[in-house]
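Okay, so subunit A shows up in both of these, paired with subunit B first and subunit C after.
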Partner chain A sequence: MADPATLLPLLLLAPALVVVAGLAAAGGAVTSGDRATAPVVETLRLLTKQRRRTPADDPLLARIGLTVLPVAAVLALAVVPVGLPGTGAPVDLEVGVVWFNAMEVLAWFAVWTAGWGPNAVTALVGGYRTLPLGLAYELPHMLAIITPAIAAGSLDPARISAAQHGLWYAVWMPVAFLLYLVSTAAMAFWGPFAAPLGRDLAGGAGAEHAGLDRLLLHAGRWMLLVAAAAMAVPLFLGGGAPPPITGPDPFSGPAWSWFAIKLLVVLALLLGLRRVMPVLRMERFATLAWVVLIPLAVAQALVVTVVVLV
Partner chain B sequence: MVVSVLPRIAARRPHVLTIAPAPVTDDLLAVRLAAESEIARRGWPVADSPADADVVLVAGGLGRRMTALVRSVWATVPRPRVLVTVRSAGELGPGLDSAQERLARGGDSSDRDRVEWARSADVDLTDDNDGPPGVIMGGAGAPVMAGLADDDRDGLALDALHVALGPVLPHWPAALVVHALLAGDLVTDARAEVLDVPGPREVTRRRDAYTPDHVRLDSLVRVLGLAGADRAAARARALRDGEPAPGELAAFGHRLARSRTLAWTLGGIPLAATDHVAVPEPTVEARVRALAAGLGGSLAPPVRPAPHRAAAALVGLELGAARLALAAMDPDTALGAGPVEPFRPAERHEHHHHEHHG
Partner chain C sequence: MTLLIMAAALGAVAVVTGIAVFVVDSMARATFLLLASFVAVAVLLLAFGLAYLGIVVVLMMTIEMMIMVVFMVMLMMNPAGLEPMTMVHNRAGSRVIALAVFVVLAAGALLVPWPTRPAAPGDPTTALGADLMGPQMLTMTVLGLALLATIVGTVALSVSPGSRR
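And now, the complex of A and B:
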């Protein structure tokens, strides 16, 4: 760790994630019929806006949660092999998959405390919606993450990505890939899974936050979405390697460029999901998750395990 | 230099919080519809809550209770902020232009607030309201009374909160307040009140101004907006505010009525929890399908319940489901409701078993 060369990627990670999250938000604005400049204008607007308190609130609690959100996104991304020289990840961690999942779960805490802090009904109900949301998406999500790890025999994202030299896991285990995409959106409480910030609750956990507080919530959400989408690349799309179809003498290009292209594809799929689905009510999503998604995820993990063992 | 440029850029996309009185006349309804249309035309986002607002737009002249409400909401809007009042659809364009201009110059100062208030209020502001405290959605600002609920869905006694829901909520009927008892996120009691319009009262509308399709589309805009079906909601609003061909309406209605994702996400919300039958359809899903299927046809306008009946149908629903149910029933607040006695803890058991419909 003492080597400055290993620290540099870590220091650049946060600004890089902010930029990509901004691009993703611009894409989101365009798909919803807005201008591409909307996230920039919105950021300036929230930076020039007063923060806000409510009667008998707990601003410290809320702001701890709001700050945790972008920090968790950066920490999650730190173990993702993004195509840097060496193993590809800013931090090379043997149990990277576990670390990644632990950072994602911090978002539960973040939304809950952000909703709890203002001492207001709509914010509190919004914060509590994280609970049914988490209970619904987390099991399919963990099974979807663990399935590539079973196939590769490692919890290290770099080794999982290297194990896909012949066949992408997105092709070999398509159900796990689809479940990962869906649960990525749910984990970032974004798009069809935005119920904790629902319009029916006047913005839910974010209803009473203004200015910088609101910016942290919305920017943190996009950063989390991008970080989770980034993990799909090493887990399912072969990481920084060129697609297998380019054969033995391909235009290989630097690993980070392939990573970037694949990340854009994953983000485009997620934005498409928002276009076709309304916001799901939590009781509907919980039913769907436990009746359909979890059995599918278990079946997929079982098939992969049997093939690996045999 | 930078200091003056930033607010100018930030003001390019102001979030607007619209507050409208109950549509007791066609003109008041016209102002509210024109405001929604104009804000959408400019591409300005609709504010979810006072915390999210830059511009507070008062669409139509207000009575005493609504004026008090706007004042308490305005106090919670973070700066920079602008308050603008319009009394007719023609004033909207210039009003919003000037609001944006003032926002770019740093918003209304506190002196400015006072001047603006003197102009906008219908009543003498020195007359401090003697009625219930100004209700704000979410209970922030109004004191929230906590007690214990005795009939929760899990058999657990959760804290019961007495909250006034509305009228400053997205896609909420104009001037309606639902005095609700919440056990967690479950509505265990609900009584309606329309600010400044005690009810029930008779209402007559000019039939030619608003067709049954207008009414259907207006309800659909709310339901679709709440359900997060943003593109369909925008389409419904465009059809409502434009002059669509009959074929267009029928095609849109047909597509909505057949949408499986929408039916699935709206499914399982009953509209007849109590003996009060508010609307003929038994569920939100059926109600939305009926509204959609009727578009472009020659059917009679949909039944819009009186506010107190709609509120009674919310009892037993989770808050999110209750919001969708209320939007789907789309009570006509011009019919009036209330007034409702403010909640007092000592009378809790009285309130549980006592229907108060004014």
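And now, the complex of A and C:
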């Protein structure tokens, strides 16, 4: 357990996620017409600012929530096979998919407490918006991540990624892949699902947070988005393996390089999604999720199950 | 021995945070403490090597706490802001009930003749699924799907599109 070779990836996990999240945020700044250096400038600005208190607030609870957000993102990434030697994941967990899901729902709690803490109306309404958002995206999301697990017969992301040589799960379960991409944006309350931090609420759950608190919220959100996008690679895109279309003699670079390329593609898809979609109203999304997306996800899981059983 | 100490410490955390749920005067803090109590129990399960069970407890309890917040919004007099409130009503009665339930459960845990493990169980996740569902796996799956469809159908029918304000 205390072998330095296994501890090193764990120690590097958080800094690596921060760097990639920063790159993703730079990409996000460019696609929304800002400078690529905007995230760095904003980070430095927030670090020099004081935190803000409001009358009769609950700063302890809010800060617990705000701290949980980036921590949950790092813990979620810990079970993703990122192409390290061995099984590929910093932590080899047999039920990694369930762990990932559990860490990612901690974000609901984080945003809700962040909105509750300041005792201010816009923040509170933003925090409460997390609940319909979560209830809407979570069931399609669970069905979407369990479908590759059914096909591979394992809850271990490394085994799932190894099971799809020849045919990526994104190809043979496209509905699950699309639902996963949508729920990735939703779980990071980002892009079309940014209603909890909505502009119509002057920033929503983040409206009253300044300085380090605000940095934790926004950096944590990008970290969560990157961690969720990273999970798409082993679940749907064959993990660290080269694309099967290159035939029997592919350019087999190191696994981490293929992982990085695929992660960039997933992040680019998500940035594109934010460009083309407006922020959805939670009630509309909830209706869509429950009436359309859940039946779609169930149908996809059913098809995969029948194919696997037969 | 390490496991025993760890179990005792986590059990103490679970009990203390559980008691604190009824001491604090904010529903958000009560929600957080209840979640912390459940997470302590989940870590205990993880320590015993029951990874799936422990992680599912974290997953389900987090979602459950958040759904409890939905009910707070629906049912509480003042779901907004940090108005002091109490989680306790009918103090005498609830104390008697809580103590009685605790005694029964603790006595059960101590007095039940626990079976000794017949053999190495293999994958605990598979064993859990087989034990919970047994030969009724198909029935339970179909039932779960039917329940989900019923919930979605009921909500979809009961919410009229014009009720939006």
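The rule is simple: the second predicted complex is superposed on the first by the 310 of 310 C-alpha atoms of A that agree within 3 Å, B and C clash if a C-alpha of one lies under 4 Å from a C-alpha of the other, contacts with A are read in each partner's own complex, and residues count from 1 in each chain.
Going forward, a residue touches a chain if its C-beta (ideal position, glycine included) is under 8 Å from a C-beta of that chain, and two chains touch if they have at least 3 such contacts.
Quantities reported herein were computed from a predicted structural model and do not represent experimental measurements.
**Student:** Under the stated touch criterion, which partner chain does A:V18 make contact with: subunit B (first), subunit C (second), both, or neither?
**Tutor:** A:V18 contacts neither subunit B nor subunit C.
**Student:** Tell me which partner A:I160 touches in the superposition: subunit B (first), subunit C (second), both or neither.
**Tutor:** It touches nothing on subunit B or subunit C.
**Student:** Between subunit B and subunit C, whom does A:N119 touch in the aligned arrangement: first, second, both, or neither?
**Tutor:** both
**Student:** Scan A:A194 for contacts with subunit B and subunit C and give back first, second, both or neither.
**Tutor:** A:A194 sits against subunit B, while subunit C stays out of touch.
**Student:** Pick one for A:L93: touches subunit B only (first), subunit C only (second), both, or neither.
**Tutor:** In the superposition, A:L93 touches subunit C alone.
**Student:** Which partner chains sit in contact with A:A151 here, subunit B, subunit C, both or neither? Use first/second/both/neither.
**Tutor:** neither
**Student:** With the two structures laid over each other on chain A, which partner does A:L44 touch: subunit B (first), subunit C (second), both, or neither?
**Tutor:** The first partner, subunit B, only.
**Student:** Where does A:L216 make contact in the superposed view: on subunit B (first), on subunit C (second), on both, or on neither?
**Tutor:** In the superposition, A:L216 touches no partner, neither subunit B nor subunit C.
**Student:** May I ask you to decide whether A:W108 touches subunit B, subunit C, both, or neither, giving the answer as first, second, both or neither?
**Tutor:** Only subunit C; A:W108 stays clear of subunit B.
**Student:** Touching subunit B and also subunit C: which subunit A residues?
**Tutor:** The overlap between the subunit B and subunit C interfaces on subunit A comprises residues 119, 121, 128, 283.
**Student:** In the complex formed with subunit B, which residues of subunit A make contact?
**Tutor:** 32-35, 38, 41-42, 44-45, 47-52, 54-55, 118-123, 125, 128, 192, 194-195, 198-203, 206-211, 214, 275-284
**Student:** Given the complex with subunit A, which residues does subunit C contribute to the contact?
**Tutor:** So the residues of subunit C in touch with subunit A come to 26, 28-29, 32, 35, 51-52, 55-56, 58-59, 62-63, 65-67, 69-70, 73, 80-82, 123, 125, 145, 148, 152, 155-156, 159, 164.
**Student:** Quick one: in the complex, what on subunit A touches subunit C?
**Tutor:** Against subunit C, the touching part of subunit A is residues 56-58, 61, 64, 93-95, 98-99, 101-102, 105-106, 108-109, 112-113, 116-117, 119, 121, 124, 128, 130-131, 134-135, 138-139, 155, 283, 287, 290-291, 294, 298.
**Student:** Along subunit B, where are the residues that touch subunit A in the complex?
**Tutor:** 6-7, 9-14, 43, 48-49, 51-52, 54, 76, 78-80, 137-141, 144, 161, 163, 169-171, 182, 184-185, 224-231, 234, 261-262, 264-265, 267-268, 318-321, 323-324
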